[in-house]
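Input: structures, listed below.
Two complexes come next, and they have one chain in common, chain A, joined by chain B in the first and chain C in the second.
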Partner chain A sequence: MAALVTPVAMSRSVERSQRPRRMRLSTQRRLTGLVLSIPALALVVAFVVIPIVQAVYYSMTQWNGVTSTWIGPSAYTQTFHNPAFWQVLTNNGLLLLAVPFALAIPLGIAVLLHERVRGWKFFRSVYFLPTAISWVVIGMVAERFFAYDGPLDKIIGSHTDFLGSSSTALLALAITFVWSMIGTNTVIFLTGLATLDTTVQEAAFVDGATAWQSFSNVTLPHLKRFVQLAFIMTVISAFSALFSLIFVMTGGGPGYSTTTMEFFVYQTGFSQSEFGTAALYGIVLFVMMAVVGIVQLKLIRSE
Partner chain B sequence: MAEITFDRVTKVYPDGTSAVSELSLDIADGEFVVLVGPSGCGKTTALRMVAGLEEISRGELRIGGRVANHMLPRGRDIAMVFQNYALYPQKSVYNNMAFALKIRNVPKDEIDRRVREAARILGLTQYLERKPKALSGGQRQRVAMGRAIVREPQAFLMDEPLSNLDAKLRVDMRAEIARIQRMLGATTIYVTHDQVEAMTMGDRVAVMRGGILQQVDAPERLYEQPANLFVASFIGSPAMNLVEASLEAESGRLHCRFGDSSLAVSDICRQARPEIEAYAGRRVVVGFRSEDITDATSAPEAGADRRLKAVIEVREALGSEILAHFSLGEERAGLALAGDVIEEQDGGASSPRSRRFVARLGPRAPVREGERAELVVDTDRLHFFDPESGLALGRSRT
Partner chain C sequence: MARSAPTEWTAPAPPGTPVNVAGPSVPLAPARSRRSRARRGVLFLLMVAVAAVMLYPFYFMITTSFHTEAQYQTGHGSSISSWTTLGQTVPIGQQLLNSTLICAASIAIILVVSISAGFAFSKLQFRGSQGVFLALVGAMMVPLQSILIPEYVNVSRLGLTNNYTGAILVYAALGTPFATFLMTTYFRGLPDELIEAAVVDGLSYPATLWRVALPLALPAIATVTVLQFVQIWDDLLVGLLFLQNPAERPITVGLAVLASGRTTSVPILMAGSLVSALPAMVVYLGFQRYLVRGLTLGVGK
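And now, the complex of A and B:
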């Protein structure tokens, strides 16, 4: 037996030493992963990283689209002394006040639809409709609705040009924004409700809960993730998707009363040809969004 | 604690499906009643009507003497343990148990006392701060029990609370629930499809089928005196052997003949069931339990009119006993086993029943698969049923 085993073992050890050294499986996998991610990485660098770096650079220049003059970080301090900039920032802040409404109203609608009230299928389509309509069309409809002696004036019996008055234009814009978010957020909450285990609600009722106690103790905690998602999407929309609405409804006016940072970037760049300053506003908008995103991520991770 | 009364309670769904028909059942204060039956028999619907989670179409439900038909769940003072436990996923074990007390504005220290006491009884003290997802199935089941216990309600409702547990845990929790129920003396309605749970836990067992109550009795009586074919076949594992036979009178004795086999009805059995005399010359369904069959070697004195010539088809040795599945020779195909009758009545809804008989023999019975064996039936303990109505004939000997 020993005479048989020894030559085999020997030949194996010879084979092993002669065989070219193979990479370990984990190394191979890591390398493959790197190679496969190169195309995506290249695209991100080309279309995201480089433009961001460029924007940071141009934000510290005076650039009319053809020639640029380096100003340096003082460009930022100059901007902070511009009252229009602060009004635009305030507008963004005020629009954020619309976010709770853009969440609470769809939540209420979703709960009612989930209860299968009479005609719920019809209403589900009705509420989702704004989502399927382009922002431009929504803006045009809203412009008519809020116009002097328009439908709203007829309803409340006044003669107000809601979009022409700096005291009401932003409110009209916010209402339109809330209305346009109802569909998306209702669908998000309906999806959340569909995943709710109804026996848990029943358990709450048997435990003695009222409808409100069941909602606040069972339904709402269950919807937490969905509310977070809707919140992020709504805030992002408020900061970066209102361009078409503003463009169609008010053009940012009267004065700067409905100009948001996003619209300000466009105005500064393409109306006033101050691309350097526009890039700076773009950076400010980016930082604002980043702060919202990071806070949100922290909140989610903290659980 | 309170008594619960179903008075001709009926549940018809909007699509016309009748889930429960004319259910009348009195559950005494402190009693443990098990509702048992196959899937779709209406047992869970009946329970949910007591909880107030299902509207009652007709009839009256009384809890503690008060009509409860239109009472909201929270007005009924009843606790329920759900099949999937239905724990509040975002709340800790402590808050799951405390929730019902908090919304009733029970003082904090009283809540704390009750929750900790329930946790102690259920062995959950070290898990109070955990969320349900961090618990095992058995622990979640205990939390669901705890949530019911702390309420000190008028009655407990349990909807198949053990069906999601593994076999061993189920046996443990079965005893645990029975112990807690006795300790608290709470009126309990327990729904299950498992007849072992039904037999071991309940003071009384209500067997349901197709929304209709078949029989309510103490477990032993249900086993010994099934009211009809369905109860006879549903209660007991292995199920009662049932076969369609002709009852023939011969020189003063009654014989039931099926295929080539014949069993003489003993005098004791005839005295206990005088109704069968009227069936002489007619067809009946005869039933005998697997434990009322022995192998002929251990009963050499038994007469030929108690013996069956069997072919052993499957032999299951369980250590303490042998389950012998047998047929009666060549004639097997010609026999209408009563399992078929029940299936016909169910419209094929119930599980297909074995076309074989089963005998529960001693651990050293000399039976081997594929071989012939002579088996002896205890003819004092035969059951008879009307083949048309399925109703039991007379009262079997207890």
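And now, the complex of A and C:
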């Protein structure tokens, strides 16, 4: 190598090595940045981005895990003729009805805690504690709670197997879901309330506003961004975090009465070995989440 | 129960009392003190009622675990048999070890890649880094179920479902987008001058990250660690599918499989559940403020 170096090149290389490092610093900075971001990028591309592309392809095949046949976009129209698909979609829609409760109850609890009655910090920890335990464990307790002659039957004096009846199983699941969201959402609202400027509330009070007026005209608008965060997190959970609860409590049944789209993916893929159709349901779920995200963004921008 | 809280709040004081001047945030002014005490009593009772609802599962698990199956059915008597036989029914020690191993390895990967990427996106911007950052964070919106089938096919074709590797990599990949978002946001808060000064003093960029930025990022690192620990410890789906060898199952997965089999006695399941819940609860209570920070970061005040 050294023999090939012309005098010009040599002088240049000497010059470069003698130049203060600062000259090349910006290149060095960019290069380091690029290298440092590669591991994260590689991991996400390999395990999230590529599988999405594959999922779109798989969704248009008929595939039982061994033989795969290409059927094209008609796979989607076939699915739309499947009554189970519509029932599952309806279940997802019904679960959305639980979202207002999963927001309103924690909001009430947060306002209660924000009164800072003695011991509120202790109670805050208590309310937050269930967030630590797995939905698997919550599901196991809920299964017994809603069982025939279980605690709930004793409280309301009935003899109903809530999870065994297709008319009440989804409601029981939704109640468990709302309960599970209380800790997280309460903490979100409490954080929001802590940023509230009390002088505004006091001004409203001096102006003769009732407690409710002060709450709805001052506190609630202030909490808007926190409500949005809690809303989006609750909807994401409703659509993609109930797997454990369903797996433990009902297995999706009776029939398809508690199967949501995320559980449908698992059931179709791993109980019925219809990998192509399962991938298709995964894409449907993805579209549902995207719609929620876009609606949320639109709502934020319109204000 | 919760709904009555706002209506109780700041009832107007009788006209002419000095309370109005002080404002409602000083409720202990003499004229209102009795009323305020009664109100506080009601609020306290409400908090106790909510606490009872939130603690019910713990009460149920503890009381049920001290029954035999027969006692659980009839509701009479107590026994420690489910605790003494827990180890024979559930390989609890092995499963706790599995959970710990998988959590530790996944979190280690998440921390390494998210700290490097976060530092790069915030302090070492290169052409297109903003776009890469957005794409990476956007991956947060992809639910695992949407890519479950190809993910499973890929990982099992690589032969990684027969050991811990597959599950660890999937957890790491799923946790990376949010962790990177969090680390980037955190590093952005550090002054650029700090990094420049270190570089002018002769440190390379990686050394600056290691010696200057990293020690300052400990709170963010704690947030990522705690959030991911609870998430991975409590997860079912990944462990269920990507760990085909039952001996490698984490405790949450082991319990869920037992529960869905419906042959294990309920008191034993509850004893196992308590054991499985304990580590996450300890971490949660000990590091609450880091969790809250991670949770509300999306609001960005």
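As a working rule, the second predicted complex is superposed on the first by the 257 of 303 C-alpha atoms of A that agree within 3 Å, B and C clash if a C-alpha of one lies under 4 Å from a C-alpha of the other, contacts with A are read in each partner's own complex, and residues count from 1 in each chain.
Everything below uses one rule, namely that a contact is a pair of C-beta atoms (placed from the backbone, for glycine too) under 8 Å apart; a residue touches a chain by one contact, two chains touch by 3 or more.
Since the structure is predicted, the reported quantities are computational estimates derived from the model, not experimental observations.
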Checklist entry - Who contacts more of chain A, chain B or chain C? => result C
Next on the checklist: Under the stated touch criterion, which partner chain does A:D197 make contact with: chain B (first), chain C (second), both, or neither?
Outcome noted: first
Next on the checklist: So in the superposed three-chain picture, is A:Y266 touching just chain B, just chain C, both, or none of them (first/second/both/neither)?
Outcome noted: second
Checklist entry - Between chain B (first) and chain C (second), which does A:L34 come into contact with in this model arrangement: first, second, both, or neither? => result second
Next on the checklist: Output check: A:V137 vs chain B and chain C. Expected answer is one of first, second, both, neither. What do you get?
Outcome noted: second
Checklist entry - Which partner does A:F239 contact after superposing on A: first (chain B), second (chain C), both, neither? => result second
Item to check | Touching partner for A:L297 - first (chain B), second (chain C), both, neither | outcome: neither
Next on the checklist: For A:V206 in the superposed arrangement: first (chain B), second (chain C), both or neither?
Outcome noted: both
Checklist entry - Thinking of the overlay built on chain A, is A:V218 touched by chain B (first), by chain C (second), by both, or by neither? => result first
Checklist entry - Can you list the residues of chain A that touch chain B in one structure and chain C in the other? => result 202, 205-206, 208, 210
Checklist entry - What part of chain A is in contact with chain C in the complex they form? => result 22, 25, 28-37, 39-41, 43-44, 46-52, 54-55, 58, 104-109, 111-113, 115, 117-120, 123, 125-141, 143-145, 151, 179, 182-184, 187-188, 191-192, 195, 198, 201-202, 205-206, 208, 210-212, 214-215, 225-226, 229, 236, 239-240, 243-244, 247-248, 251, 261-262, 265-266, 269-270, 275, 278-279, 282-283, 285-286, 289-290, 293
Checklist entry - Can you list the chain C residues touching chain A in their complex? => result 1-3, 5-12, 20, 23-25, 40, 43-44, 46-47, 50-51, 53-58, 60-61, 64, 109, 112-114, 116-117, 119-121, 123-127, 129, 132, 136, 139, 141-154, 169-170, 172-174, 176-177, 180, 199-200, 204-206, 209, 230, 233-237, 240-241, 252, 255-256, 259-260, 266, 269-270, 273, 276-277, 280-281, 283-285, 288, 292, 295-296, 298-299, 301
Next on the checklist: Quick check on the complex: what are the chain A residues that touch chain B?
Outcome noted: 197, 199-200, 202-210, 213, 217-218, 221-222, 224
Checklist entry - Where on chain B does chain A make contact in their complex? => result 51-53, 72-74, 78-80, 82-84, 86-91, 99-100, 103-104, 147, 151
